[in-house]
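What follows is a set of structures for review.
Across the two complexes that follow, subunit A remains constant while its partner is subunit B and subsequently subunit C.
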Partner chain A sequence: MTAAALSGYRALLSARYRMVLQYRAAAAAGIATQFFWGVIMIMVMEAFFAVGVAPPMSFAATVSYIWLGQALLALQPWNHDRELEAMVQKGHVAYELLRPLDLYTLWFVRAVAWRTAGASLRAIPIVLVAGLLLPVMGGERWALGPPAGAEAALGFAVALLGTIALGGAITTLVHVSLLWTISGEGLARVMPSLVIFFSGMVVPIPFFPDWIQPLFAWLPFRGLADVPFRLYTGHIPPSEALPTLALVAAWALALVALGRWLMARGARRLVVHGG
Partner chain B sequence: MRGSTLYRRMVAVSIRAQMQYRASFLLLSLGQAGVTVIEFFGIWALFDRFGRLPDWTLAEVAVFYGVVNVAFSFSDAVSRGFDLFGQDVRQGDFDRVLVRPRSSLLQVAGSRFAIHRIGRLIQGAVVLAVGLSQVESQMGPVEGLLLVFAIAGGAALFLGLVVLQATLAFWSTETLELMNTMTYGGVQTAQYPIAIYREAFRRFFTFVVPLACVAYFPVVAVLGRPDPLGSPFWFQCVAPLAGFAFLFASFGVWQIGVRHYTSTGS
Partner chain C sequence: MAQIQVEGLTKTFQIAKRRAGMLGALAGVVRREHRELVALDAITFEIGQGELIGYVGPNGAGKSTTIKILSGILVPDAGHCEVLGFVPWRERRRYVAAIGVVFGQRTQLWWDLPVVESFDLLRSIYHVDDASYRRTLDEMVSLLDLEPLLDTPVRQLSLGQRMRCDLAASLLHEPSLLFLDEPTIGLDAPSKLAVRDFVKRLNRDRGVTVILTTHDMDDIETLCERVMVIGDGRILQDGSLADLRERVSPERRLIVDLEDPEVTLDAPGARVISREGPRWELAFDPRVVSPAQLITQVASRHAVRDLFVENPPIEEVITEIYDHGGLAS
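Up next, the complex of A and B:
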């Protein structure tokens, strides 16, 4: 890749950041919603823990898992870019094809920029409140704890890169599918449920029945939330991090390859709308 | 033409328009059902792991879940016009509503009817029916009526919340999604019996946003079991009225908003 092309992507990244940062009121509303959501989920888990059955994960780890999920919700590829959808519908996608950049890389960078910009804006306040303010206010039991150790923190950081790559690949795959369906149906409708459920955002994965665990383990979605969160709390010990992270990386590469292949086919048969 | 006839016609037109894209309607409905199905899988998984909640069985929670989801699906279908109202204000389209000799509420409500919400409705109704068949209480005509009353009250409450959210657009010219905390968050909350939450939350959802009055107290009466919160039977039966009171209050706020409205159009 030439330096000129690289700077093109960098410009795109920073433009996206600036755009997302414009919507501060929307972000504030989102933060309030996610904070509320986190508290409700914690109270539900607290009620179940009161039954006294041996849990698969400690309460403190469960609470941290839930808060990380709320803080990083914007990283999850559960929606698609309406702007891009409109571009395909109105035919402006033709301009995209004309740009002297690799189209897949362009869309991938666009997706990653969109996700990380939104997430960084929302994650910081949620982490501050759940991690620092709650313990000060006497809510230690409900607070986001620190990582289990230096190795756990490192594992979390690496896994987060995997989450971003995987999230970007899945988002781009959905965007590429829009070239076929135009109206934003199909994959774009099914993906939210798959992502939210199989990543562990609805209920932390360790709480699912043991017989279904292999399914969760082999699907790609786990890398979006469950893997980084459990590395953070030490529920996946650092010694077992490598094979798990390798699987996440393999899935990310496979989904990128699939997206590239589909995009090449989609661009060839694309009918541009509008005149 | 009477208001109700007019509204029915507007809804019929809206449904006919959406039915022109049949595949799109089916996919949207399936997507809607999918989003709610996973929520129920989550509840089921927790019961599978822990066996029960301290005071509640899975079948009982299924009834709570069914009632709130069915109620929300009704309000969600009706309130689509309010959901997208910020757009009308931004583009100055609300002017056209004001020059017509009909209530603005009726026109905005009738402007869009989201038929694909039927996905959530069917899924919620199935869970509700299965839950009711598994609980020990006997379903008689009183319980049946109470259930319908609770669902109607719940739909009124959620509609009231969406009207309030739309009213904000008169001031901010964009529909802030703050109310989503109360609508989607409320559904999330009321999928479980309110009694499991901390007292401050229970109070909020009883006296400020009366979610417990439509989705908890009447359902306890239907289940024919004692309330761990100790509410009397008569209260459980009249509680859904709070949902209608909330809706009427939100109409009042809407009228204030309409008077405040300044057009953005030229």
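Up next, the complex of A and C:
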């Protein structure tokens, strides 16, 4: 695609991002929940560390991992866009075909805008409180620490792009599956558990037993949370970043390809109601 | 060469039948029974550059289905169709960049955004260069009187305001062909006039080909030279407005509201169709008695609160075409 052809999608991305930002009240409610979960998870981890088993990660790194997870929860493809679902059900999606745009790219852009707008609303207050306010108030032990170094910060930033791409691809895949009423609902229902569990959002992946680690390593979901968070804390050293990030990129591309293929088949099922 | 060529275009919808009762619902999960609904039954027509076509027919006749196929968002089951040299649903992206479409029942603007931001987005989507965008936008703003609306979010617009903005939006990329599906539906009288006036100028001054669907005969009267009548998925009549008039009776309607509900209306040269309290509906043949004559006579005999002249509704026109064996040959 040429740069000129991309300008339309770029404009749509920023417009939709701004539209989602308008719904600030919903985010405010979410933030309180995320603080609550962050605190609970840290308490559970504190108990685990007290038992004295050799931990796979330092306590400080674990705490940072947990806070990053709460700050960036909205990037996780754990739910789907109800507005888009309604458009599919009412048969309004076909009207998007009136634009000289590729329908898959349009939906991908929409998903990315939705995720990133939601995440930016929540991430800033959570990072401010967990990273700056907690230490000032004497809660250093429970605070989000800084990145392990300049290289770690860079690795984290790149991995975050991977998270956005992967999250966008999985979200769009779920959205495309909604074109098949029954099986689509199925995917939309199992995806949340898969995402939350296998990304490391419930229990940081290093805490799982060794025998199951290869499964986590090869599944795509790790790129959503575990990879950027461990690059941040330095638990994955910058020297090992490249192969890990390459796998995330490969997964993102594969899921985009799968989504496109499904979309091409599903487009035939589009019905246009009304008018 | 014709800008639009349609031959034998056919579209059938499968409608899932509901079965009665619990057992029926269970059986439906396993194997759904379908009923077929023929929305378009082998329609054929040609439209040339610069024409302004009225596409009329009652609700459910197949007007929107035709527009959806012609604009590339619905695929027909059979038949051939070529518009601006494209097969709409095959070369959709390149094709839709060259046409404008407005569906009266739904906006294509972004609900949450101010009108002007929707316009800016469309400019990016259609890659309109700055100079032409400014020129077209200025022209639209003055022709459709959009200045006071530009900063309003679309959700806050009235139907008439929204339609004016939708019309402008469909033309920002300067298409040479415009599809309007029921652009006047639900509009108040001044908005209807504004839309009609705009469409007429667009066609006359810029040579844009316009295909306008409606079930309002007044739209056709004021706008179109050529009228295609569709009923039950078939083209019943395709010709000039005068042809259509000849085919159906030229009768018009006069609606009179009298001051006194008790009095019996006396109107020579007119036939009473219905009466509801003080409101009388009369039919008359304008070749026998002109509307002016009739109104003068009624007003001289009775105290009149209000009165207006109407065309018979499209449903009756269609029925007449059927009754007079008027199926297009």
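Keep this in mind: the second predicted complex is superposed on the first by the 260 of 275 C-alpha atoms of A that agree within 3 Å, B and C clash if a C-alpha of one lies under 4 Å from a C-alpha of the other, contacts with A are read in each partner's own complex, and residues count from 1 in each chain.
Heads up, the rule we're going with is that a residue touches a chain if its C-beta (ideal position, glycine included) is under 8 Å from a C-beta of that chain, and two chains touch if they have at least 3 such contacts.
Nothing here was measured: the structure is a model prediction, and the numbers come from that model.
In the superposition on chain A, A:99 makes contact with subunit C only, not with subunit B.
Shared-chain residue A:147: touches no atom of subunit B or subunit C.
Of the two partner chains placed by superposition, only subunit B is touched by A:33; subunit C is not. When subunit A is checked against subunit B and against subunit C, the one touching more of its residues turns out to be B. Once the two complexes are laid over each other on the shared chain, residue contacts for A:208 go to subunit B alone; subunit C is not touched.
When the two structures are aligned on the shared chain, A:56 is found in touch with subunit B, with no touch to subunit C. Applying the stated contact rule after C-alpha superposition, one finds that A:12 touches subunit C and leaves subunit B untouched. Legend: residue contacts after superposition of the two complexes on their common chain; A:238 is shown touching neither subunit B nor subunit C. The contact sets of subunit A with subunit B and with subunit C never meet. Of all the residues in subunit C, the ones that touch subunit A in their complex are 64, 67-68, 71-75, 92-94, 96-97, 101, 103, 105-106, 108, 110, 112-113, 117, 120-121, 124-127, 181-182.
Of all residues in subunit B, those touching subunit A in their complex are 21, 23-24, 27-28, 30-31, 34-35, 37-39, 41-42, 45-46, 48-54, 172, 174, 176-178, 180-181, 184-185, 188-189, 192, 196-198, 201. Touching subunit B in their complex are the following residues of subunit A: 25-26, 29-30, 32-33, 36-37, 39-40, 43-45, 47-51, 53, 55-56, 183, 185-186, 189-190, 192-193, 196-197, 202-203, 207-209. Residues of subunit A that touch subunit C in their complex: 4-5, 7-8, 10-12, 15, 19, 22, 92, 94-95, 97-102, 268, 270, 272, 274-275.
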